[in-house]
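These are the structures, in structure tokens.
Each of the next two complexes has subunit A plus one other chain: subunit B in the first, subunit C in the second.
On to the complex of A and B.
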């Protein structure tokens, strides 16, 4: 089910949580709503669910306008951050609970409900836990139950609100692969909210990055990382983060510290905010910098130095010898450097 | 958690304070228990033993016949049955009204919600005795005098229990309700399938407290019941007093009889009552 948002706005009194958002969420794909806390991503998700009403604009599921439709009429599955399982029911009862709301010709008997519950339980791999109570499950298992409960009625859209944030680091890695697998197997259009860029980048088909209620960019993970549309997108994605420094371009030459610089093409003369990804730096000869700090990460190391008076981070291969206080020589891969308008932050 | 190996230190201060504590508690328990013990022994005495000065502590030969005499003087079985019926109806009504009231006040938003809730709370400030005249007239006009309904009707909705349950309902994570709404769960189904089972301890406490309250109710049932067909144990005992006149041993035997169901009740629900009065009571 393709979801289309047109000028979607939500105001809470004087605060605008979501500001004229227009976007299309592709059918059958996993879309991540990403952004810092308070950026309106959860509000947007709850407007999709119908639990939060819309101040302005409209929401379409396929061709159908659901802007004022009640949550239960939208055929969605919703998974909350805290899972919201019913503690007094077994796993099977929890999963089958939404099916008990069907009336008339859709009414299901106990056997049908059991079969439906078993089918999704198999999908999320909890078929051995059907008789347990939520309390007897680990966080990851509870998460699986919550997803199963959301999927049991075969929703058109699956909405996940920070589904992995209550899990420890290792489990989070495992569960995000699981969310991806479940989404691929069930082929359900899925929207999930997260503030974790790594989570969003690793499993989504497309990322919607938001800030202060406004969509900054919508693109697949690779595209949004390699081709950020503005300084915020560039700074939000990437770990360690991108470094910004003031740079002047004159005659195709970028002048940096102490006569060091590099040449660029297609950038007009003027002052820019230059964003350099840490991985843009490689051992070489062009830049001579004094190492201030080295952070060993195992597979690589983060080397910090000053350039133009600004702290710059570089990720270098772990085998490269960089010691604090020494001067090292580096090259800059200019395809990982981005020029932004220093006032507006827009990429040039 | 791993058990931490504790070094055992004999703490004299602790022991002394324990001894004093338990001694005081024992004395207190004996003082409280004494009237019951006196009632039990007196119920087995002859008249002369019962009124002798100085008092006779134990009957020479237990007069079990007292119980037979008393049992035949008044329809105690009827009284107990009446009380049990009224208690059950009362408890069922209180639980249903409290659950519905608490659900409305915790989950719904409607006009004048705050005002209505305040009204419910205000009822707690009005002493029950003040309402007796109004209730009496109402019951009389409804032609319900001398019926079971008259006994439990006026106390079915309780501001206190609604308040107590509402507090517990409001502690439930709102996402449970939202998640149920997304799944198309009706309010009715959510209430009985999720809210009530999740708060069954509180509801059980309410049931027990209201049961005890109804069992011990005296003034109101006394006013609206006239015949043995509807009289409760409390007012039945009063009626019996005039018949037993100065036969103290019969009075005590009668009191013992009406006490038995309550003792059984306490024995069965001992744990819940302590939880309810100690925990739920204070919390509410």
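On to the complex of A and C.
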């Protein structure tokens, strides 16, 4: 089910949590709502669910306007951050609970409910835990139960609110693959909220990056990383983060520290904020910089130095010898450098 | 001088479930004072009452008894008034207790469901708890008045004939029931509201997303999750109801006169019977015997409760 948002706005008293958001969430895909805390991503998700009402604008599921529709009329599955399982019910009772709300011709008997519960339990691989209580499960297993409960009624849209934030680092890696697998197998349109860029980039089909209630960019992971639309997008994605420094362009030449620079094409003369991804740097000859700090990460190392009086980070191969205090020579791959308007932050 | 290492007075002990406890002989010192009070005001009177109960005659002022035997128990167990008291207490347990628990649960659920004026209703329902039973009794005496009372006016709306609530011997126990139901509400509502507060609100959001009706939410989610509170309130009220005395005193003493519980002692309860034997009839040994019997019944009830609780109540 394709979701379309038109000028969606949510105000809490004087605070605007979501500010005129218009976007389309593609059918059958996994979309990540990404942003720092307080950017309105969870509010947006809860507006999709109907648990939070809309101040202005509209939400369409397919062709149907659901802006003022009650949560249970939207046919959605919602997985809460803390799972919100019913603590007094077994796993099977938890999963089958939503089915008990059906009336009339949709009413299901005990056997049908059991079968439906088993089917989704198999999908999320918890078929051996059906008689346990939530308290007897690990965090990851509870998460699976919560997803199963959300999927059992075959929703048009599956919403996940920070689904992995309560898990430890290893389990988080495992569960994010699982969320992806479950989504691909069930083919349900899925929206999940996260503040973790790595999580969003690793499993989503498309990322919606938000800041202060405004959508900054919507694009697939590779696109949004390689082609950020503004300085915020560039700075939010990437670890270690991108470095910004002031740069002047004159006659196709970018002048940096101590007469060092590089040439660009298609950038008008003027002052810019230059964003350089850490991986843009490679060992070479063009730039001579003094190493201030080295952070070994195993597969690579983060080397910090000053350029134009600003700290700049470079990720270099772990085998490259860089010692603090030494001067090293580097080249710059200009396709990983981005020019932004220094006032507005918009990509040039 | 001997140079033995000083014996350590307190030490850390790890329990089976991994908690650390400090074991120290000082604990006994701290416990001494409360224990002394407990012995003086609970254990000693209990033993003395037990002793009293086995004398045929007992002078309370001089603490002197004559004629050791079980005739006080025999008297009490053959006393019609005692059985009247037992029957009334039984009626209170069977009617007033479930009614007051159910009503307070219902009111708590309703108060919990409203958004506006919640604080006002909470305060309103808690007021009776901080009001003197005697004052409430005086108010109920008027409500139950056979000519001017609101109860008769109310049942009159349904075409029922006016009752002599406080003077007709067949009516008094029902008047007492109504009074006990009302008087017990306030505290239980507060306990239920506290129990409802403890339930995770997210669970209700999950139920709402799935389109669960309010009724199903209440029956399948709220009530099971409230079960530990309901159990605790029921158990507490059970003991409280068994001990009913205040209500009888405040509702009937000024009517019945002479300290009897309503006309012909028809509203008497077990605890009131103990009071009645002691103060009204000066039969100290009968009162003591009744108290011992009452203690045995309470112990039995408590034991059953504990066994049932172990089996059926899950704390999730």
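We adopt the following convention: the second predicted complex is superposed on the first by the 348 of 348 C-alpha atoms of A that agree within 3 Å, B and C clash if a C-alpha of one lies under 4 Å from a C-alpha of the other, contacts with A are read in each partner's own complex, and residues count from 1 in each chain.
To be clear about the criterion, a residue touches a chain if its C-beta (ideal position, glycine included) is under 8 Å from a C-beta of that chain, and two chains touch if they have at least 3 such contacts.
Note that this is a predicted model, so its numbers are computed, not measured.
**Q** Are subunit B and subunit C a fit on subunit A, or do they clash, once the structures share the same frame?
**A** clash
**Q** Quick check on the superposed pair: does A:71 touch subunit B, subunit C, both, or neither? Answer first, second, both or neither.
**A** both
**Q** According to the stated criteria, A:133 is in contact with first (subunit B), second (subunit C), both, or neither; which is it?
**A** second
**Q** For A:120, decide between first (touching subunit B), second (touching subunit C), both and neither.
**A** In the superposition, A:120 contacts neither subunit B nor subunit C.
**Q** Determine, under the contact definition given at the top, whether A:82 touches first (subunit B), second (subunit C), both, or neither.
**A** In the superposition, A:82 contacts both subunit B and subunit C.
**Q** Going by the contact rule set out at the top, does A:98 touch subunit B (first), subunit C (second), both, or neither?
**A** both
**Q** Of the residues on subunit A, which ones does subunit B touch that subunit C also touches?
**A** Subunit A residues touching both partners: 49-51, 71-73, 76-78, 80, 82, 84, 86-88, 97-98, 100-101, 149, 153.
**Q** Spell out the part of subunit B that touches subunit A in their complex, as residue ranges.
**A** Interface residues on the subunit B side: 173, 175-176, 178-186, 189, 193-194, 197-198.
**Q** Which residues of subunit A touch subunit B in the complex?
**A** 49-51, 71-73, 76-78, 80-82, 84, 86-88, 97-98, 100-102, 149, 153
**Q** So in the complex, which bits of subunit C are touching subunit A?
**A** So the residues of subunit C in touch with subunit A come to 200, 202-203, 205-213, 216, 220-221, 224-225, 227, 314, 316.
**Q** Inside the complex, what are the residues of subunit A that reach subunit C?
**A** Within the complex, subunit A contacts subunit C at residues 49-51, 70-73, 76-78, 80, 82, 84-88, 97-98, 100-101, 133, 135, 149, 153.
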